[in-house]
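All chains are identified by letter, namely A, B and C, in their written order; residue positions are counted from 1 within each chain.
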Amino acid sequence: MTSAVLPSYDLAARTGAALSELRARTPLVQCVTNEVTSNLVANAVLAIGASPAMASVPGEAEELAGSAGAVLVNLGTPGPDQRACVEATVAAAVGAGVPWVLDPVAVGVLSVRTRLAARLLAERPTVVRGNASEVRALAGEASSGRGVDARDAVEAAASAARALAGATGGAVAVSGPVDLVTDGSATLRLAVGDPFLARVTGAGCALGGLTAAFAAVTDPVVAAVGASTALGVAAERAAVVARGPGSFVVALLDELSLLSADDVAARVGAELAVGVPA
Amino acid sequence: MTSAVLPSYDLAARTGAALSELRARTPLVQCVTNEVTSNLVANAVLAIGASPAMASVPGEAEELAGSAGAVLVNLGTPGPDQRACVEATVAAAVGAGVPWVLDPVAVGVLSVRTRLAARLLAERPTVVRGNASEVRALAGEASSGRGVDARDAVEAAASAARALAGATGGAVAVSGPVDLVTDGSATLRLAVGDPFLARVTGAGCALGGLTAAFAAVTDPVVAAVGASTALGVAAERAAVVARGPGSFVVALLDELSLLSADDVAARVGAELAVGVPA
Amino acid sequence: MTSAVLPSYDLAARTGAALSELRARTPLVQCVTNEVTSNLVANAVLAIGASPAMASVPGEAEELAGSAGAVLVNLGTPGPDQRACVEATVAAAVGAGVPWVLDPVAVGVLSVRTRLAARLLAERPTVVRGNASEVRALAGEASSGRGVDARDAVEAAASAARALAGATGGAVAVSGPVDLVTDGSATLRLAVGDPFLARVTGAGCALGGLTAAFAAVTDPVVAAVGASTALGVAAERAAVVARGPGSFVVALLDELSLLSADDVAARVGAELAVGVPA
């Protein structure tokens, strides 16, 4: 992130402050999400301090979207009912000025969700959070993605992420060994997290939920930075005590709940200090 | 619970005996439930000693309902297929005289499930288990509920719970820091549980499953008391070893399985001894 | 397994080698599976070393099936959309020569899935993995099954399993206290596992996922033997540290990830040494 755009001390302090505010306000986060990982998403949103609603029925999801603090739309299981629900929910969020996060799971690989994602982009998601393959696909680039695996390197998606952010007017976060966040002009890198995150199902989905939780209380870039840092630091701590992927997920939720605003602020500051502006 | 209705030593002993019988008979509990928390519900039903069936497809759910020991209907994710399934399942249970439990998740806040719940009430659920906002909404009172959060105090729902129980002829349980159980005339309070229950998704849904498990072997009031006490005592024990919400859920299932009939009977007796009859 | 068909040292070595190859190749395993246990299935497939895809939407599931290493079809929640998805997915797998595993959850008890399973059998699943009641029902025998419980003894399903394998040309695995694997002529028994497996939801579903992961890299009998042994040994180790069913599932995933190819090969060899050929 070039210092002209956002001084690092400011971003660090603002990210910590966002976590404090999130816990004080416990915003309602309405999630239309992946059926495989919905339980983990709900628990991650609770663990960070927000209040998840998982209404995913047409006629109900949009009722909550307009009054929620933020909305998460995850395209991991886009059955016919859920597609109708997603479109109504996004329309309600946009109509009410509620920030919304798009998690384009496996977009670019599977056709139904790829078409849906293209339509949703026109509604300008506040934050897009995906892996490198998904972000490249969303931006219209060819990718080497295979299902939900991220085969593309994060850095290879940097220009796609910037183009996408330019088009939406929001932030775009690319997850990987190093997370990348951009608002279309400045680009920031965060070397947080642990390889265990790729060994459990739903870590990316949980990050989408955390991003929405932060987006309810702060601007898009701070939301993406806060969610990546919170998940990443919690994962590093969980990895210390985990024997394998089962105990890792358990510890990850524990650590999310134990994370302090100072922990997050300090880590963002440290990452920015070593970051290479681009 | 006024002693004229149900002497406390009797209720305590009967609740313990119900847990013993549940484990001896391992009744089949057919659950049409919330997709977000179905795994936890199934594991909670298994942990207490019953046998969960999660048939939720129209044409199948009702096949099991008629021969099950009890039926759980949770309205947390009422998509079109599930609504059809719920109505057929309840009809089959009622037709066969099988006890059934209604968990009216977020009723009063979301419109589709609120209409469905109103129709289901006419089928007289054996036990209704909800939070204060849900029970007030079911009874036709305005509430301050926000999605699945219980913003209303349990005590504020006491008269609604009694009215509801009077209408159904069954028991109504209101969950919160203090659980309340009523059959429409007597009202009992149980100060069991731990704040961790509100920090994980699906604790209320699990309680619905436990209530159905107990309802397969005992009367509605004992079923509601047994389920609340079992979950509450297990939660208190789990909280002692939990570092956060992840390890809490793991320990909660462990403790449900380790709970003895004597543990439950003793705690019911202790609660009744300090309870204020109303 | 009669030694004329498959010498035990060969089967043991081949099973260990299959686990090594699975981890080297991380095959994509496309799962159309039970909504109640999909998270556990995905995590089990990840823990053993493969890459799960959970595409379950008509129009998408079949896109992945043709290019996957193997396909899992679990009939636990056969709603209308999922049934369409299952048939298209199996057709795509068969058309592309991709091995596929059928997990006939509660077939014989519930009508919708029983009809679906009968149609799927004509597509000759590479491996059928079920409990004794399910395998007997699939083979057209009456059974004493009750929902997802296996009331029939494994041994009582031996002839049904052989008949089924003869009809499909693949392998059939019957899970229980002793697992049985047959290719229609030889029959092998593996006394692996722990009673805890029956006290958590989805252990059988996880076994289906593991079987598909192995089937992506080896022949049907070795796949069934490898999956049963991997789950069984992991369960035995998890049971040592578990306090109850909650901590058992956590430890089960940990142990699956920690299992070595030598562990599996040694156990298969030991089981075959004591086995009674039939």
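Everything below uses one rule, namely that a residue touches a chain if its C-beta (ideal position, glycine included) is under 8 Å from a C-beta of that chain, and two chains touch if they have at least 3 such contacts.
Since the structure is predicted, the reported quantities are computational estimates derived from the model, not experimental observations.
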Legend entry - Interface residue identity across copies chain A, chain C - same or different by half: different
Inset, instruction - For the sequence-identical pair chain B and chain C, determine the rotation angle of the Cα superposition and round it to the nearest 5 degrees. - result: 120
Legend entry - Intercentroid distance (Cα basis), chain C paired with chain A, Å: 34
Legend entry - Contacts with 2+ other chains: residues of chain C: 35, 39, 249-250
Inset, instruction - Mind listing the chain B positions that touch chain A in their complex? - result: 35-37, 39-40, 76-80, 106, 109-113, 146-149, 199-202, 242-247, 249-250
Inset, instruction - Note which residues of chain B are touching chain C in the complex, please. - result: 28, 35, 38-39, 42-43, 46-47, 51-57, 59-60, 63-64, 81, 249-258
